[in-house]
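Below are structures written as structure tokens.
Below, chain A partners chain B and then partners chain C, in two separate complexes.
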Partner chain A sequence: MKRRTFLQLSGMTAASALLAGCQSKNEKLIPYLIPPDEGVTPGRASYYASSCSFCPAGCGILVRVSEGRAKKIEGNPEHPVNRGRLCARGQALLQELYHPDRVQQPLKRSGARGSGEFRKISWAEGLSLLTAKLKELQREHATDGLAMLTPQLSGALSTLVSTFMRSFGSPRHLSCELLAADWLRLAGRQSFGQPGLPFYDLAETRYLLSFGADFVESHLSPVQYGNAFGRMRQGRDTVRGHFTYVGGRMSLTGASADRWMPARPGSEGALALGMARLILDESLFDKAALAANGLRPETVLGRLQAYDLPHVAELTGLAQEMIAEVAREFATTRPSLAMAGEAVAFQTNGPESVRAIQLLNLLAGNLNRPGGVYPAGSIVGSLAGPENSFAALLALVESMRTGRIKLALIKGDPRYGTPPATGFQQALDQVPFIVSFSTLLDDTALQADLILPDHAGLESWGDVVPLAGSRHMVYGLMQPVVTPLHDTRQFPDVLLAVASGLGGTLAAALPHKSCLEFIKGTISKRVGGHKKGRNFETQWVELLRRGGQFDTDKEFGKGYRWAAASQLPDPARPRFAGDEKLFPLHLQVYSSTSFHDGRGAPLPWLQQLPDPISTAVWDSWIEINPKTAASLGISHGDLVEVASPRGVLRLPAVIYPGIRPDLVAIPLGQGHRGGGRYANDRGVNPLELLAMVEGSEQQAAWNATRVRLTRISAKGELVTAGHPQGSYRSDLIGI
Partner chain B sequence: MKSSWLIIGLIFASGAIVAVMILMYILPLDFSESSPVQPILFSHKLHAGVNGISCRYCHRHVTDSRLAGIPSVADCRSCHLYISAEAPQIKKLMDYWDKREPIPWVRVHTLPDHVYFPHMMHIRARIDCSTCHGQVAAMEQVTRTASLKMGWCLGCHRQHKASIDCWTCHI
Partner chain C sequence: MEKLTSPYKWGMVIDLDRCTGCGACVVACQAENNVGICEKHEIAEGRNMHWLRIERFWVGEYPDVRVRFLPVMCQHCHDAPCEPVCPVYASYHNPDGLNGQVYNRCVGTRYCGNNCPYAVRVFNFYPHQWPKPLDNQLSADITVRSRGVMEKCSFCIQRIRRAKEDAKGEGRLIRDGEVQTACAQTCPAEALVFGNLADPHSRVARLARSPRRFQLLEHLGSHPSVYYLKGGGREHV
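The block that comes next holds the complex of A and B.
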């Protein structure tokens, strides 16, 4: 330190000490101006049961509220999905409520699109603006010029939105999420004739084989399956369930396994069929199960002739002995269980690979039994959700591009969460008027013409049908635990207000005054509250107190069998975008433990949460095998350039031995343009790299892009929370 | 000649120091942690002592909460609309009310965050308020009389045969 700086610093310290000395260091005691009349006792907390709105798993939560402020979220012990547990993302939901950059009242665009300049307007003005736009469409008899984009909704909200769109006369309602389980519904329909999501009885199984299903961090219902995994390992006195993980990247789930089988990307389906053939060859299969499902071993074996052990070993890059050993263990340990995950599904041969894994379950007799899989263990019928929303997305992109869409109502942030290779972003710019319901100025809201901000989850009424986390009918309720902090309105309330403003068939179809009334109506039908002699209000209060309706005695159907008309799975050779010589490495994008598909990035607790594998915080990174890194001269923390046929990104390298040498991986969730002060311009969005594979454009194949790496410099500025090679450098975070 | 200058200089310097000290004494500057100057010179002596108002009339949550609670501005105002409405300190109170601002009282008795101190349990055990807060009813300006250090807590816990397990207070 220079002498001059030292003197300056000591002078400043002395001056600030003097100033501070003139004020008492004591805290302030701030009284209420007017005491709240609800009988709030300072220092005594109330707890409200509600449901987590972060991801589709829909866990039950208990929120501690003290002096009218939400303070802490924990899991609801009575909820069958999460049994009192809660993940970090659910805990961080508080910060959605208190986010300093929330949109506090309706905004109207005042500058150029994307400039982020907005003018504050009143709700009356905002609603009349939206109603006028909708009336204009009705007048021109172009009601199909309205598009509605939402995440995959459940419960009453789903009914409300589809009723709204149907009554208005537009078929263009897109419910699309990057990591939606469409692939699993599609495979379910093809194999079992119904599109429900399966329920895996992880806790009772003795041999678990996961094909890229990262159930500890993100797959379907992570809290439920993480907890069930613990019970599978330690919950029984005599058995400790065995776990083998198949996948090119060792995720947190993979790191918890007894054995890691790093199969080549896209070859997982072939591996499953290779195992199936071996099980049939050696007569280790469950004969009763095969007969019950109407399959004859000879026919199946005949179809699987191509998947002999040496061939499968060559396709997957695994040792023959290892494959044979796992196949024998899987077939002889009962009950066993095979799961398929996103890493497998988002390949060009994904749906067929997933069905190959389902066949493996069938052969080992794991269908519809404790410790196995219940193919219809979850919601079925009209509530099941879409099977290929990606095709619907592409159709919508086409109609937006050609100018047929005049008005887009968008809930969520599809502008961030859709790979640009689909052309969605450019197509959206063609839409003359965009309305966003975001709580933050996220990437979509920045492009919007009108923002009608939604409540935060903790301020909202709602109902949640949890996704695939229980065999029982579970129906969670959301209730506001605090008075809304800002001048915001719930998305369904806005739709109802607009419907009554438009009048006609819409107002007739949606006569409800508020979202609360709509939800109460739905639940009243459910619990039979409209019947005579029953007091619905008492039931309603009881449901709110418990956090929903949990019918643990009613189970979903066990009857689902392999559909007779269904073909045996036959995964083709995977295809990839990008020439193998120019782009030698496979790219895998995966759901980060903190951000899911990117929706967690605005919350600083989640940014600060170290990734369990790399311990990186507040940034993106790319995982590279040490061998690959050495051959390219890359060391830990270097800045590297990743080039794909679609785009180029620069980000720091993490040298990670738990990944195949021909594979690199980038977590999803960073690289927002908007999303508030904690998310914007932080890290990179790997979706920009993803390209469409020729010949499979109608399919979500997010793990089928090839890339090339180049080292740029040693200054990757990677911030980690405790890596031996780089200490925690909080000065790089810049908050 | 030179020494007389020096003497005059010294006198001036010491005079200046004395003046500053007097000024510091007169001005309501907050130097003390245990007896800070409050934004309104509220007299506990007048309210609790002379007028004999019970502590629980204002600190009404003391029996059922961790915190004793302090009265809201509306509570103060409701009495003082009729009682000595013309006094300068009451005018100050009404100013806060008119500005819709809460009064930023300065905390005198405080414990670190890692201590769990529930008022209601101590009241239930019939510990008098003055055991920790001193003779507030005789104080013009509230002054902390107890040290509020752990040893002091333990002394009283031992005397009353209350639990001295770590987890009793550090939960």
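The block that comes next holds the complex of A and C.
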């Protein structure tokens, strides 16, 4: 230490001793020689606006980047869907980018299929392999031997893929996701004559009635509806919105409800119609709304005769008084709104049950009004998205099984995310050549012959049309926020390169040099940048800075009314796979907050995030009512065997007071064979248990399987972050 | 209560009527503060490193059962039980009313963790790994704590420092809403609100005057900086 420094320091110490009288005790005790905030050095970071690619909700994000590395993902405050907020999954997208097990360059299979042995190849070799395979199909005039499997795409990528397939001459483009909202589009077409998705004005409603719609976890646009829920509760000075949840399992969404109605699985539609009948009977309905939709109360009432209160109470297993009370509250507390969710839709009578809930909205006059439901809150018409991609999946399985498919291009992980009861996995093995575009060696990529790894979401260009999160047309942009880490290429860029390699009509239809050029072309048309006198480059930079185009006045249609031709809904008795005596319990699979349909499992933050209700981490579990568990001799954390007509799984038990005694539930998302070090061989995949219901094979009825439980041992190896036995009393509040 | 030596008194209000328990705050906190990734065995030993946890309580029995969520992070007590027990002054009270933790003073006695009634201090029992290239995500604003060090919620002190520097450069005080913790920023339902309780007009101060407010373990007299607002209208249980 220099003499000068020493004198300065001793002077400072003396001065602080003199000043001690006016300072707090702590400050006196700790000399300022060691700055207390050491280790905290706030730096300057840059923020890039982009869009979240995790789920179809398409929230806007801002990525904090310093020294060329992405550090944190935050919500984009200007984005109308998520308003600066973001869910756990969106924030974990960073770990998709920096995942230690990413595929770093193209791979070609070297061992047997599924062995996981691959040889590293160059992009030139990979692309020429793919081009050669496609040329072979063209030469043999068997272009329909090409199948393309993708998740449900939006924006320019959707156009690009469909142009590619059309120009190549194959109709087999399947956009299929387990949790896709096809059922809602289908119900929209049947009831309102258009296949758009609804927008629920949750923030302004006074009475929310959710039939299994888990909008906090995964339903349509979780951040938008989570935010709207907060405003519904406490955003208004004098009104606190009431929330009633219907469903056999109290989900995370249901946990926030004021009242829980544990209806028997598959009886939700009957419950909605029972309420509708009571509302008509007691003349609580909105007369103007009925007239405007061309319905006569007498006719409707006549059709609903079968749904009298005692009968509905028996079907649902709920008390008559409770049903009547909720029906009256729903009809008299306006505006009110009813939502239908996956738990209802994935039953054999799902489509009709969803329509019954729509009818309930109509009777209470909730259509097209603030605080109510807008039947078309998203794109309608040809760009709306599929209405029954499950039927398309089965058709594709059939073509694969009979050997008509020679080449499959797969984006996403359908091998994991498709229930084996469809026969998809075996059929895929029949395909001679499989190309995967996965960023990780996931279950599909492990079976592939060629892997052409895609960029991570944060390295990609793209555009996103958010799914049903706003009543206005919103258009989000994705831009790379870091330079690509590995030798990967974007999926659309690969398609464009292949198109130019093939030449002919394909190259003519897709002359673009890169995905960026394609997207710029799309946007130029959208903002009118091609018009004279407007500088598109300036507009483009501004759009990138903001993260997309949000200020459009274009509202989605609000004139939609009950289609005159449509029949009134009439849900049949639900049917289930499995004999009631052999398999006494219903099984529900649900989307957990962490994993969605399984795509979150490779990310360690999401594995470590305790499930909000069971607080389990890094695992799968089965939720059992305490009474049922006691009768089977099962206690918390025991290993149990779940048997269905389709398969058998072993997993730990969680005693769950919020579930019907005749129902058990398993979260989706675990049980990957691949997916990197954090996901593989962890937990079980409940899709293996699901069976097809006889007579409803063309329908995605994933909550219609029955199961049987047997206790195996006390060693379930369940780890919970919270109180292991489940806390019944608060230690912290003291109430 | 100690005398205010700063124009700021950072505090938070958590509206339990808005909170859905979704866990976005937990991941936001982990991402912002370089919190270690814990494997299953660590959590099994009760050594989870999350600075912010969501407590879940079951109330009642089927079918009249309810779940309540309670996000719990460091309460930044003004009479903090953790502070006087530290032999090396690693846990100290800063002039803004925050419970600071100086990692390079900490020698790992764990007295503070023992004394904390809210169990929000977490100790690095293990060295935590960020296998390459996962370490690229680590924020340079704050340190990565090594094994043997106690750590805890700091109300994102690096964000407060940045905002202070900005404000100082412009010769003003930090405006309401200018600085947010990572958890409050991301909360989809806007259940968490962060701000300056010393400013009676700030959003957090106005909410903290709500008749629904309560504090955790109020009877201990630790005077936390975090206020909770009771959920209302849970009439059916």
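The criterion applied here is as follows: the second predicted complex is superposed on the first by the 679 of 735 C-alpha atoms of A that agree within 3 Å, B and C clash if a C-alpha of one lies under 4 Å from a C-alpha of the other, contacts with A are read in each partner's own complex, and residues count from 1 in each chain.
In this section, contacts are C-beta pairs under 8 Å (C-beta built on N, C-alpha and C of every residue); 3 or more make two chains touch, one makes a residue touch a chain.
Since the model is a prediction, treat every value here as computed from it, not as a measurement.
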Query raised in the report: Which partner does A:86 contact after superposing on A: first (chain B), second (chain C), both, neither?
Result: second
Query raised in the report: So, does A:124 touch the first partner chain B, the second partner chain C, both, or neither?
Result: neither
Query raised in the report: So, does A:288 touch the first partner chain B, the second partner chain C, both, or neither?
Result: neither
Requested in this report: Pick one for A:42: touches chain B only (first), chain C only (second), both, or neither.
Outcome: both
Query raised in the report: Taking the superposition as given, does A:112 touch the first partner, chain B, the second, chain C, both, or neither?
Result: neither
Requested in this report: Check the contacts made with chain A and report whether chain B or chain C touches more of its residues.
Outcome: C
Report summary line: Intersected contact list for chain A, partners chain B and chain C 23-27, 29-30, 34, 41-43
Requested in this report: In the complex, go through chain C and note every residue touching chain A.
Outcome: 2-3, 5, 15, 17-18, 20-24, 26-28, 30-32, 37-40, 43-44, 48, 50, 53-63, 65-70, 72, 83, 89, 92-95, 100, 102-105, 118, 131-143, 157-159, 161-162, 165, 182, 185-191, 214, 216-219, 232-236
Report summary line: In their shared complex, chain B is touched by residues of chain A numbered 21-35, 41-44
Query raised in the report: How about chain B: which of its residues touch chain A in the complex?
Result: 29-33, 36-37, 61, 64-67, 69-75, 97, 100-108, 110
Query raised in the report: In the complex of these two chains, what residues of chain A are touching chain C?
Result: 23-27, 29-30, 34, 36-43, 66-67, 69-75, 82, 84-88, 91-92, 94-95, 98-100, 216-217, 222-223, 226-227, 229-231, 233-234, 240, 242, 250, 252-253, 255-256, 258-260, 262, 485, 593-594, 604-606, 608-610, 612-613, 615, 617-619, 625-627, 657-661, 677, 719, 721-722, 726-730, 732-734
